[in-house]
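Below, subunit A partners subunit B and then partners subunit C, in two separate complexes.
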Partner chain A sequence: MPDKMKRPDVKLVLLGDMNVGKTSLLHRYMERKFKETVSTVGGAFFLKQWGPYNISIWDTAGREQFHGLGSMYCRGAAAVILTYDVTNWQSLAELEERFLSLTDTANHDCIYAIVGNKADLTDPKAHLSRTSDGQPEDQTECEEERTEPQVLSACPTPPASPASLSGVMLHKQVTHEDAVALYGRILRYKGLDEKSSLPAEKVCFETSAKTGYNVDALFETMFDLVLPSILRKRHENQESPTVDLEDSQGAHSRKARIGCC
Partner chain B sequence: MERANHQEGEAQGVRICDPPSESNPPADTLATSLSLLGNHMFPDPVERLGSTTVSRDDPANSSDVTAEEPSVDAEPPSNQLMKLETEDTETSESQPVVSAQPADRGTEDAAADNDQNDSGEFVVAMLAKAKLEEQGIGVKGRSSPLLEAGTQESPTFTSHRDEDVTADSWRQHRKHVFVLSEAGKPIYSRYGSEEALSSTMGVMMALVSFVQSSDNIIRSVYSEEHTVVFLQKGPLVLVCVSSSRQSEQQLRGELMYVYYQIISMLTQASISRIFEHKKNYDLRRLLAGSEKILDGLLNLVDSDPSFLLAAVHCLPLASSLRDSLSQILQKAITPNLVFSILIAKNQLLTIVQEKTVIEDTRLEPADVHLLLNLIGASSAFQAGEIWTPICLPLFNPDCYFYAYISYLDPPDCTVCLLLLSTDKEAFYAVAECKRKIEEAMETQNSLSLIAKAQSYSVSQVGVSDLRHFMYKPFDVPDNYRQLTQFTSPEMEAPYGSEEEKMRLLDLYRYMHSRIHSTSRPLKLIYHVAERETLLAWVTSKFELYTCFSPLVTKACAITAITKLLRWIKKEEDRLFIRYPPKYSTTPNPSKSSRGGKSDQQDSTDNGFLSLL
Partner chain C sequence: MSVKAFELVPAVERDLLMGDKARINIECIECCGKHLYVGTNDCFIHHFLLDEVTSSKGKLSYSAQKLLHKYLGLKKPVAELRAASALERLIVLCDGIVFLVDMVTLETVPSAAGGGAKIRSVTAFCINENPVNGDPFCVEMGVLSSKRRTVQIYMVYEDRVQLVKEVTTPEQPCAVSLDGYFLCLALTTQYMILNYNTGTSQDLFPYNSEERRPIVKRISREEFLLAAPGGLGMFANAEGISQRAPVNWSESVIGAAVCFPYVVALDESFITIHSMLDQQLKQTLSFRDGHILQDFEGKVILASIKAVYVSVPLPLERQIQDLLVSHRVEEALILTEGAQRNIPKDKFQILHKRILQQAGFIHFGQLQFLEAKEHFRKGQLDVRELISLYPLLLPASSSFTRCHPPLHEFADLNHLAQGDQEKVLRCKKFLISYLGEVRSTEVANGCREDVDTALLKLYAEQDHDSLLDLLASDNACVLADSVPWLEKYHKYFALGLLYHYHGQDSAALQLWIRVVDGDLQDSTRSDLYEYIVDFLCSSSNLDLVWNYADWALRKDPTTGVHIFTKRPGRKDLPELNPDDVITYLGKDSQALILYLEHLVLERRIQKEKFHTHLAVMYLEKVLSLLSESSPDEVQLTEARGRLQALLRESSLYRVQLLLGKMENCEQLLLERATLHGKLEEHDKALHILVHKLRDFPSAEAFCIWASSCRDSEYRQQLFHLLLGVYLDGSLPANAQAAARGGTGELEMAAVDLLNRHGEVFDAVQVLRMLPEGWSLQLLRPFLGRAVRASMHSCRTSQIALGLAHSENLQLLHDRLKERKKPIFVSKKKGCHLCHNTFSEPAVVCLPGGVPVHTHCVAQRVTDSPTKRQLTNSSNHT
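Showing the complex of A and B:
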C-alpha cells in the first residue's frame, strides 16, 4: 500500500481502568494542560515526533464496553503503560485481572511501565511538578497556589494529614511497593527474567496529570527505552524494504494484515 | 406550551379536579413527587378507577382552539377563531387516565375490565409506597419537575403558563428519563444517580411487570401536569416522566432514541445475550462512562428539531462546493469503507455511501443523529484520531461498524470527518484515507470555503411576517432517497434566547403532535397563539411548519407559504444534499448488508461478554 503518512516507527499503548487519568496524562504531556475530559470511546491515536522518530500513542478506553478492542490496540506494541489511580485499590487490581492479558499481542520485548496517577490527591510533593530537566512545570489551568509543599522524608506513603494545597488529602490506597510487586508478577506472567529486565525503579511511576508531576519523566523515559526497538526495526526495514513495517513486529509471528499493527 | 385563547376554559377544567395541592406537604424527592403525581392522577383512587377509564390522545390538547380545513384555499370564516374543536371536550374535566391498551387509543374504552382497575389501584399503591421508601433520599439536591411544576403552576395555573418556561430549573427538569432492566435493576437516570432513585425505579418496574403479567402492556399514565410513558424493548424498560406537554407518541419516540443510543454502544444481540445469561445483570457496568452520551442525546432531543422530524439538517452550501467535497470523499477509499461523512458545525456537509450499501438501503436519520451525538460527546480531546466500534441500530442492530473520527481543522475543531468501516482492523488504512482527504481539501482550499458556509436567515426568503419555518420534503425526486432531510433557518429574534427558542420548539412539537395524532391526524392546522401564529401543513410531498407574527391574516399566511415554497424550490440545490455520489469498496459485494449476518459486518461483542 503506498503511503504518504508518517509511518509510526513504534507504538506505545496506555491501558488502565476508566477514570484513572490516561487521557489526562497524555493531554498534559502533549498539550501541557489539564482540562476536563470525557470518558474515551474506543481508542484515540496520536503521533508524537520524538527527535527523528515518529512514535504512535494509543490512548484506550478503560470501560468494559471496549474490553475486546484492547488486544487490537496492543498488537505489536513496543511499550505499554499500565495506569492506575493511587486512591483506588481496585484500579490496580483491574490491571492484573482485565488488562494484562490484552498485552499478549504486544511485542515479545515490549516494555511495561506501571503508573499510579492522581498522586496530587495523596502526596504534597506531587504538587511540585517535576520535569525532565528538574524545572517546575508550567501549571496551566491548574488553579492551586504554588506554595512550598512540605518536604517529606523518603517515606513512600504520605503522612496522615499533610497540610495540603488543595485541601483534603485522600487516603493513598496503593503504595509504590504494591506497584513494584505487580511489576514483578507481570515479568513472571511474561516469563521474563527479573535480572535481565528493566528494574522496577525505572518503570514504576507516580504521576499527576493535574499538576504535571512526573508526567514528562514518564513519557520521555518510555520514549528513550523504546529507541533500541526503533533502531532495530529501521535496520530490519533497510535489509528488506519491501516487508511491511508491521510484519516484523508481530510478537507471535502473526500474519499481519496490510495496514494494521 | 401556549394555550393562548382558552386559558379560562382550561383553568376551570383544572380547578374541577385539581387536587388540594397546597395541602400536599413539600416533597423533595422524585418518589414523593411521584406520589404527588399519584394524588394528581387519582384524587379518589377507588372511585375514579372503578369508573370507566377513558383512553384518549392527549389531555393537554383538550380544549385547544385551532382552525382546520381541508385545503389552503378554503375561505376561513374568521382569522382567529375557525372552529372550536369539541372533540375532546367531553373529557376536558381532566380526569386522570391510565391508558393501558396497546392499541385503540383515542377511543372510549368501555371495557374497563378488572385488569385495568387492578392496575390502576396498583399504581396508586406503588406510588404511595415509593413515597414511604424514599423519604429523605435527595435527588442530587434538585427537586423534581413534578414538584416544581406542581408548586409553580398550581397557584398561577390559569394564565401565563409560558412565563414559567423561562425558569432554568423548569427547563432542565421538565423531563425525567429512566432506564431499568426487566429485573428492575436501575441502568440510567437523567437526573440524580440511579442508586438514589432505585426504589422509584423499583416501583416503576413493579408497575410494568404487574401490567405485563395481566397481559396488558402499560403504555402511559396521565395527570393534567405530567405524562408518564413506558417503553419496553427486549430486556430493557424505559420510562419518561414529562411535564413538557408532548404527546405520548413523541415521548415514546424520544425513549426510542435513548434505546437506540444504548444499542449503538452495545448492540441488541449483546444485550439479549447478557440478560439471557444473567437476568439480574447490572448493565451499568458496561454503560459506565456513557452517561454523558445519553445526557447529551436527551439535551439534543429537547433542543434540536431534527429528532422531532426524524430528518437530518445539512449546512447550506453552494452545490458546486458540496459536489467537490463529495468527490474528494469519493476518491479516498479503502476496502470495507462504507460511509464517508463530512460534518461542519454539527451539521452534515455531505455523505458518500458504498454502492452496494446504498442499493439495498439508505442511512436512517436516527442513525445519523446517534453518530452526531457520539461525536459531540467524545470530542473533548480533539487532537487525536478516534477509532471506535459503533452500531447503527436502524441499519443493523446486531453488528458493529468501526468509526474513524478526526477533526480536519485543529485547533478549532468544527470540521469533522467520520469514516465508517466494517473492518475492525482497518484503522491505518482508513487513517490513510483521511490524509488523502486532507491533502485534496488543502489544494482546493475547501476549509476556508466551508468556514464561510453558514445557516441562513429567514429574511433571505423575503416574506414579511414569516419568522421561522421547518420544511421537510418527502422522497419526491429520487435523489432525496438516500436520507430524509429538512431545512430550517436560524432561530432569530424574537426567538434568540434559549427560553424563547424552547418555547417555539414547544409550539412546533404541539403542532406536530396534532398533525400526527393517531386518533385524528390533521393535514393543516392554523394555530393562533398569543405571541405568534403558526401554520402546519402536511401533503404527500412535504411537511411544513411555519411561524408568523401574531397579526398575520390567514390570507397573508397562505400567500407567504406559497412564496416560501417557491423560494425553497429555487434554493434546494443549496439547502439539501441532492446528488450523493457513491463508491465501491467491497471486494465481494454481498447484497445482504442489512439485517442478515453479513460476512463483512462485525457481530462480535468486543470481548466484554467474556467479562460477565
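Showing the complex of A and C:
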C-alpha cells in the first residue's frame, strides 16, 4: 500500500509566521536534509509511519494570504507545533496574536508545543548536528539557501548574515523563558489547568533545521505524546457502527467462494 | 512537469453550433451518455449526439450529430442545464426560473395538477449525486434563491418539483454543492458546510466571493473541492477537515473537476492539471476563451464561448510509461500506486510490479544502485533480467529470455556504459553484491543455476575473494559453463573445487597437480601441494588416494606421507589397511619410516610386526649412515637416538633378529647392550658397556633403566652386578689391564658408583666384595652414607617401636577409661560362677566387670565347647 493512500490515525499541524522554518523543520525530519525551500503555498502534508500508526503532519503556509485556511488545517488536530524564530521577537508575538485563535478547531485535548527554530544562529551548541543518523552535515550550504524567497516586502526575519558562519552569533531575541511564558498563556487561553497539563519543559524546544539540532527530539516527543490520542481514536472507531466497505469486501468475496463450491 | 495526462479533443465545432452568427455564445453544457446539450445566450438548447471514433492509429476523436435545437422563449441566456436521465428531463435555469424540459423533444413540461414545475428567483442550483432519498424516480436538488438567504431542497419528479426543506444561511449564498445531507456553500465572505437535516454548520475558511468567483465542487462522497484565497484548490470533507494538501491554481480559475488522480482546472487561457497524489502541476494545456469546465460521469468536458471540447485522459499505463521514459521514476510510482483503487487487484499487482522493475532499471542505468535494488526487490524482479544485461553471464543452458515488452532500453552493459569502463566496473560490483544477497532468498528460486553461475563468473573475472567461498559452499554453478570461464581467468584452484563439488575429484586433482608442477599458473594458493595432500588425506575414494599418493610422495615424501598418517578417523571415511600402506610405501624408506612411526609411536599399535619393522628400518638407516665414508654426525646421532629410544621403549620387537643384524657391528654397542638388557642378559649388556664401550654413565643408566619397572631388590641386584663387573675387571686381569692403564679407571668407576648410588647397595655385602687395599678415604662418601643410612634406619625403627609402644599404652588407657568403674571384691561377695565367697584378692574379671574366681574361669574355659580363650584378664582391686 503506498504511503499516500494510508489513512492517517492522527493529525499534527505546524503553525507559525512565515520564514520561521516550518517546512525546513519538517523536511529535515522527513528527508534528513536541510534543503532550499520555497515559500509554502497553501499547505502540504506528509505521512509518517510511527510504529504501527500513521501520523499526518501538516505543514501550513505562514503567509498572511493563507491565514484563513489555518483553522481548517487545525480542525481535529491532536497536536499543534507553534513555531517561531529565535532571532525574531515578532515571530513569537505573532503566534499569540494570529495563530493561537486558529487552534480553536483543534481537538479539546490537543497538545501544544512551542518551538524556537534557527537556534544555530544564536547558540553554538546547536551547531552540533543531533540527527539520529549521525551523518555530518554539509556545512558549505550557504545562507542563500536558508532564507526563503522574500515574497512580501514586510519580511519579519532579517536574512542571516554571513557573519553567523564565521562564528559571530546573532542576537537572540527570544529566550527560552519567553517561550515558557507563552506556553503558560496558551494554557490559560485554553482554560487548562497548568498542573494537569504537560509541563513547559517537555513541550518547549529550541531547534535548528539547518544542523538538525533537536529536530528528531521534537517530532519524536510529539509522536509519543499523541499516542494516547491515537489509541482512543482507534477504540472509538471500533465501537462505531460504520462498516468499512474496503475491509468487508474481502470477507464477502471469501464467503461467496465458499458458497459456490 | 509535462506529463501527458490529457488530450483535448474537439467535440462540437463552432460551425455546427452557431454557424456564422457572431453574437451567440455558449452559456452552459450538459452531457448524459452520448447526449450533449448546449445552452446558449440566445435562449436556445442544442441537442447533439456525441460519438467516439477511434482511428486506426488508436487516436480518439468525436463526431457530433445535431439532433435538435429549441428556443425556450425567454430571450435570456440559458444559465444552467442538468439532466435527470431517469426522469428523461432536463432541469433548466433560465432568467432566474428553474423548469423542466423533455430530454428528447426539448418541450417544456407543463405543470402537473398537484403542484408547479417551476421555481422562481433562482440564482443557482445543484443536483445531489449522493441522495439520501432512495427513490430512483426523483432527483434531489439544492436551490439558491436571490430573494432570501436560504437554501431550499427540492424533490424533482417527472412533472413537478416539491420543496422538502428550507434552511437559512448567515449570509447570502452564491454557490452550492450537495452530498447526502451536506450542503457545501460559498457565502459572501466564507465557505461553510451545512447539514440540512440537523441544521449544524461548520465554517470552512474565509473567501471573498464578490472579489473572485467561488468554486464549490463535489468530488467524491462527502468531499468537496473549493477555490481558496491565493489561487488554491482546497479539499474539504463534510466534517470541515482537509484530508489532502491543496493544489496551487492561478488566481483566475473558472472551473475545476477531478478526474482521478488529477485535478483539472480551467482559467482564462490555460487548462492546468495537478496530481492529487503529490500536488504537483503535471500538465498545462493552452485553451483560449475558456468558459466552462465540468465533468460528466468521469468525462471532463470544456467549452469556450464558441465550441465544446472533451478532455480525454490518456490511458494510465501510457502516462506511467511516459513518465518512465523521461526517467521520472518517483512520479510514475506515485501515479501507479495512486491508481490502485481504479484498477482490478490482480491487474494492479502485475502493473505495479512491472513499473517497479522498470523504475529499478532506470535507477540502475543512472548507477543509483541503492534505489535500483529496492525497486527490484519490491517489484520481485526476475533476477535474470538483470543478469542478462551483462554479456555472457547467463549460462548457455539457461532457458531465460527477456520479458517483452522490454523492461529497459539497454541492449547490454556496454550499451549502458557507453564504453566507460569505470561504469561497467561499478555495475559489475553492484551485481556481485546484489546476487550475493539474493542467491539464498526466494528471489533465486527456479533460477539458482543461472544466479550462481553468473556470480561465479563475476567473482572469477573480478578476482573476488568470495569465489572460493561460493564454491566451497552449497552452490548450483553449471559446470559446463563455468569451466572455460575459470580457465580463462586462470582460476584453476577454484575450478578444482568446482570439479570436486560435482564429484569429479580426479579431474580436480589432475588440474591441481598441473598447477603444482608449474604447467598451469594460478597463485590462489601457495600451499596447493599441502592442500592436495590434505584433500587426499580426507578423501573417501581409496582408488583416488592410491593413484595420487604416488605423485605426492614423489614430490615430498615427508609431507606426502600425511595422506596416510593424518587421515582423520571418521566413520564416513573408509580405513586404510596398514599392511597395504606399508607394502605401497615399501620402495620409499623415508615415507615408510614416517608411516611406521605414525603406527607405532602415535597410534601405539601393539603389533610385533610394525615394531620390528620400524626397528629394522631405524637400524638400516643407522647402518647405511655408518657405511658412508664420512657420516654426518648430526644425522647419525639423531638416527641412533631414535633407534635407541625405540629399542628401550618398545618390548614388542624381535630382539634376536635385531641382535643378529647388528652382531658384527662394533659401532652399535650401546644398542646391543640395550637388546641384551631386553633379553635379561644383564651381564652381557654390562660387559659391553663397561669393557667394550667403557661408558660408565651409560652402564649406570642401564641399571636404572633395566630395573625401572622392578622392585628395589632387582635394582640392587643389578647394581651389585655392575659393581662386580667393575671389580672383576680390575682384579684378575690386573696385569693386562694395568698395562692399558684401565684398572684404575674401573676402580674409579666402582668408587664413583658406590659414592653416587650408595643407597642402592647392601653395604655389608659391598664391604665383603671390596678389595682389602682400598683406602677408607676413597670410599668415605659411600661409607659415610651407608653408616648414616644404617644409623638412620636403626633410629627410625626405634622411633617406630617407641611410637608403637606409646600407642599401645594410649589404647590401654582408653580402654580403662571406658570401663571407669572400679570392681569391688570383698569376702562377702560371691563368685558368679560358683557362688562361693572370695578368699583371696586375685580374681578374674569377666566382661562387664564381674569378678569371678580364677579357678572357676579356668574350669569354664576347659569346659566350654567353643574353647574360647579369655585373654584380657587382669586383677584390679
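The definition used in the following text is that the second predicted complex is superposed on the first by the 200 of 261 C-alpha atoms of A that agree within 3 Å, B and C clash if a C-alpha of one lies under 4 Å from a C-alpha of the other, contacts with A are read in each partner's own complex, and residues count from 1 in each chain.
The rule we apply is simple: a residue touches a chain if its C-beta (ideal position, glycine included) is under 8 Å from a C-beta of that chain, and two chains touch if they have at least 3 such contacts.
From a predicted model like this one, the values you see are computed outputs, not experimental measurements.
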Task = Please work out whether A:Gly76 is in contact with subunit B alone, subunit C alone, both, or neither, and reply first, second, both or neither.
result = second
Which of subunit B and subunit C A:Gly42 touches, first, second, both or neither | both
**Message:** Once chain A of both complexes is superposed, is A:Gln65 in touch with subunit B (first), subunit C (second), both, or neither?
**Reply:** both
Name the contact category of A:Thr221: first (subunit B only), second (subunit C only), both, or neither.
-> neither
Partner touching more residues of subunit A, subunit B vs subunit C, is chain B
In the overlay, answer first, second, both or neither for which of subunit B and subunit C A:Thr87 touches.
neither
Subunit A contact set shared between subunit B and subunit C covers 1, 4-5, 41-45, 63, 65-66, 68-69, 71-72
As the complex stands, subunit B meets subunit A at residues 265-266, 285-290, 292, 334, 374, 377-381, 383-389, 403, 424-429, 431-432, 435, 439, 604-608, 610-611
The subunit A residues in contact with subunit B across the complex are 1, 3-5, 18-19, 23, 26-27, 30-31, 35-46, 59, 61-72, 98, 257-261
In their shared complex, subunit A is touched by residues of subunit C numbered 190, 203-207, 228-230, 232, 234, 236, 239-242, 244-248, 277-279, 333-334, 337-338, 340-341
Counting only contacts in the complex, subunit A reaches subunit C at residues 1-2, 4-5, 41-45, 58, 63, 65-66, 68-69, 71-73, 75-76, 105
